[in-house]
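You will see two complexes here that share chain A, one where it goes with chain B and one where it goes with chain C.
Right after this comes the complex of A and B.
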């Protein structure tokens, strides 16, 4: 659901031809604000929460939020992408922490 | 880069390209088709036209946790076909299914070699998860596949939204579309074309739609809106079995998959009283192995009978199993783990609630799509189809869509060799007419500045389909009167499309998508009207014809829209049994 961009972490992918979240989003939903040059989701209702932008962001600036209609505030799910592994940290609404790590690519 | 603003069609720059094989849609099926075409003939120019980015486009954007059609030791293409036939209420194209089944394992083994991790036991055998299923760690499987497509030297056009086929008489000779970033119109001439744009989500209102933030909380990829079907419908291609809709049992409020839980961890569906629904009420239809449409319908019937809510019972699971289950979800729909965490739900104490999804038109799960032959040629010369957009082959799933991509490429390469179809001169009128059609929402924005947004029209269609063409709020039920009301209003909406406005190129894509959805919805309602029986309760419930009628309807219901008159013609094709 709506990806929330942390404006302090997002640098608009300055060195890239196109911001990486903007390039990757399957729904063409991520754009750069023309004044601040920070990324934002232009139509949160149209997001499929595939987390492609979250995984691809080199600054770790994007968080996927559940729509409040479906789940309580403030749970978090944070992926850390390695070259052949991914590690996930999930923090529950009650602050309970779960961690997952697995190989996502063969050697 | 900022948003590109509206322009008049005559001011949009044209980009002309030529290729040997054009593949529209670079999802799973399209990527496999591209690779196979290059394997068949490395000298061919293979071009992929993709409205998103190949690394994360199509159904596999978030990943996948299992391959559901792998032929294990002791099983055969025939035994898989028999199983699929039972699951599909006795109706499938056995010729298509058998040829696909022959390619299944190779396609998956290739994917593993390219980098997809598949879970194995201590003997190096794939870990089974049900009779045909194997468990994978597939969160990056699409990225891995895209790398391979690049390695094979295919040309990839990201962010080009296909709008219609380029026609040369009655032959498909490529496609047209617009580039979301460049603001240009692409005209791609091809000697052969494969359509692989996926199925159609979003035709029906999802019950998870609360207006602002969860419009797309649906199971199927919401960016697959049926454009490939619509392009075929407009070109007069024959379509089959749209009425066999895919309505599935999913996790309530999230619309996530449940086979992961019920098949993978042996968690039974239970009702509010704790009764095992399938074992106790559907034993005569196979219990836990009952056909998919029965399983899809069972919890909804319980709900209607006052025995809801229903659940998949996870309360027997060990902490290790729960960790594995959540890892499966992280590989397919990661935010389901977040969903549980946002509710503080410990699934070893509280089972997972389930409910029916909104209906989808998806040839990878049911049989809806282009009517094709074993070479995957459609009824329009020069056009091949594979994956969710191709019909007749229910229960293809991810593996089957990959296998079908391989077959479509072989069919197209053979066509190129045999037909010698050359590049004919381009019909300029066709291109100009298409530009006027595609950019009309810009013209209205520039000339009038007021009209209907694509979101408004999409929601009007979704409400209409939900209430009058058997959506989830109506427990999938419909009758002739309601369907005729739906048709009348779809005609109104098609006329209203002239009022659509787009303020930038993304909105132009949304406008063209909703126009495509209207064409698919119209044909779908014709199919639902024509099949005057109930063959797949849950997928297709005609309350005015509640029984199955084998005498009249053990056949395929097909359609063709006349490109000149716009009239949808309905007819049947016989079912042919090949596997005993």
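Right after this comes the complex of A and C.
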């Protein structure tokens, strides 16, 4: 299912050439709308839900909609990156919240 | 010659501020390119008769400056030249594009004036000035003593009478404009500003009534190139002046015109009253004023003029001026606010003391303006420097100024400029090129434009431009920029410490802006002796904009209960954009936290000034009590 971009939070990475979600997407699916300079997924069907863009977005502007096989609305899976830790918040369709956090970098 | 200061500086404007700046920089050994829009150096000061406080003729000061400038081989002077573009080429270097308009008279000109006599194109600009020709000379005094052709008036090569008249063959009507590019290390903008257009004050009838002139025009009456060759006579009748009125605050301190006081006009009027009385025995002078503003030692001059020449002071501004063609007299009507009676006076000449209008400046300098429309630097810390480093302002582009203040501000700009040219490398952000993906966010967010991509695409800060605010570090999505002493490592250490300590006690990370919040915090711990501040881990950053959102996330994921950022008020941020960038980053994070079912109140941004320690204490207490209500961080 497609990554959803919050147009209020996305700032098109203010960058010169390539936004970070564009650079990181392994399927080359993320693009910037040339007029609004906001990111969008150009082919939602091709997205594998790897969530690289969600984790990489410096503005926290991208959210993944879970595929129905995993959980119906309002189920959510939300990563949050620290400088050397990552956390995952899983919200089940029964509204149960589970949180995990671990170190993912040692330098 | 040994260059003491490396580099080359562009000075824009050849008035008193620009000349002072160029001359001092040249004496310090810096290369200087001096650019002046008009055909002559000297600016408005060169058109004065005398300048206060010492009442010396302006040629005295200007001549010293210009002679020195001519003597230095490392000063280039370009007249009739304008800056049409400024680009930041690489860190610390500006590329400027100059447009040189043709003078059409070569240096071989001896200023004999035969061409001016031959020229058929003639124009009278105002009733009190002599007619001017399309090819004309510098007038009474100016540098260089070379004629020039006014493109707007010249009848072109079909006429060519001046070419035939010139015995030196110095006139060349075929010269074309030239564009050149130039790399400079710094730019001093000394373009000055225009005086307020007196014709906009309808009730005084400037431009409509003969006999109503501006103070600047009265100045020319006393000069050999003035309307009557230096004699203070009425320009229309040729009679000596008998009754002269001065109207102060003409278009100043008035919401419909200029809201501010230009500061110098009162002294100018007093000076002109002195000229008039010195050269004419039977002259009467009246001054219509709101307040006479002569700060500092000028008060003494005011007293001197008042007691020596006894001008009539009327406190009130005239409501109307009427002209009688039969007698050529002007009737000025005014209510004297002290006696509350109407006063009428008949005059030969009415002089409007106009102030300075805000400068018209092209966009490419990126100048920020203050409320009145003048250049605004960072007052009081960096009053002469633009937020774009490497560009300074001098003279009346900054605020209305007289010659003395212009020279002072030029010297201040030169001092700043030399500091930049001789800058020693200071602590500034280090880039980890292995991590950087050249996204360009730091380039966009740097409030000083100091961070510029190099030829390899990696951003590089210029040591002379960077002010070490760390906003680049705060915005970097890949955490690959680190200010020495402030990087991610420190945050991680704090988080690790809290994690290893464990326990249920509340732990709050408090980021403090080093400019205001940290001194406020310091006085707070002295006042409170640690009471009420338990569990707070303070962390100083150069600017609150240097806090990366990932650090705040790191602290929350690591189990700290809350993160508080204490920065300056947005309008007081020492690095302009820090507080607003921090607010945007925190708002984004709060939205994500809400989706994560984590209370957004766990992060907070507060704005304090340096003496707000009590406010900071209250904010901390409020934050702590709201965290107590929320309970411990679920990541703990």
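As a working rule, the second predicted complex is superposed on the first by the 98 of 107 C-alpha atoms of A that agree within 3 Å, B and C clash if a C-alpha of one lies under 4 Å from a C-alpha of the other, contacts with A are read in each partner's own complex, and residues count from 1 in each chain.
The definition used in the following text is that a contact is a pair of C-beta atoms (placed from the backbone, for glycine too) under 8 Å apart; a residue touches a chain by one contact, two chains touch by 3 or more.
The model shown is predicted, which means the values in this text are computed figures rather than measured ones.
S.K.: Looking at the overlay on chain A, is there a clash between chain B and chain C, or do the two fit?
M.R.: Here the two partners, once superposed via chain A, fit next to each other without clashing.
S.K.: Angle chain B-chain A-chain C between C-alpha centres, in steps of 10 degrees?
M.R.: Vertex chain A, arms to chain B and chain C: 130 degrees.
S.K.: Output check: A:5 vs chain B and chain C. Expected answer is one of first, second, both, neither. What do you get?
M.R.: neither
S.K.: Have a look at where A:80 lands relative to chain B and chain C in the superposition and call it first, second, both or neither.
M.R.: Only chain C; A:80 stays clear of chain B.
S.K.: A:25 in the overlay: touching chain B, chain C, both, or neither? Say first, second, both or neither.
M.R.: Touch status of A:25: first partner only.
S.K.: According to the stated criteria, A:14 is in contact with first (chain B), second (chain C), both, or neither; which is it?
M.R.: second
S.K.: Tell me the contact category for A:96 with respect to chain B and chain C: first, second, both or neither.
M.R.: first
S.K.: In the three-chain superposition, say which chain, chain B or chain C, touches more residues of chain A.
M.R.: B
S.K.: Output check: A:64 vs chain B and chain C. Expected answer is one of first, second, both, neither. What do you get?
M.R.: A:64 sits against chain B, while chain C stays out of touch.
S.K.: So in the superposed three-chain picture, is A:39 touching just chain B, just chain C, both, or none of them (first/second/both/neither)?
M.R.: Neither partner.
S.K.: Using only C-alpha atoms, work out how near chain B sits to chain C after the chain A superposition, in angstrom.
M.R.: Minimum C-alpha separation, chain B to chain C: 6 Å.
S.K.: Chain A residues touched by both chain B and chain C?
M.R.: 18-19, 23, 76, 86, 91
S.K.: Along chain B, where are the residues that touch chain A in the complex?
M.R.: Those in contact with chain A are residues 1-3, 51-53, 55-58, 61-62, 112, 115-117, 137, 139-140, 144, 158-159, 180-181, 208, 210-218, 221-223, 253-254, 323, 326-327, 330-331, 333-335, 337-339, 341-344, 506, 509.
S.K.: Give every residue of chain A touching chain C within the complex, in rising order.
M.R.: So the residues of chain A touching chain C come out as 6, 9, 13-20, 23, 56, 58-61, 63, 76, 78, 80-87, 89, 91, 97, 99, 101.
S.K.: Write out the stretch or stretches of chain A touching chain B in their complex.
M.R.: 1-2, 18-19, 22-28, 31-32, 34, 42, 44-52, 64, 66-73, 75-77, 79, 86, 88, 90-94, 96, 98, 100, 102-106
S.K.: Over in the complex, which chain C residues touch chain A? Could you list them?
M.R.: Touching chain A: residues 437, 439-441, 443-445, 453, 475, 477, 479, 488, 491-492, 495, 548-551, 553-558, 588-589, 591-592, 595-598, 634-635 of chain C.
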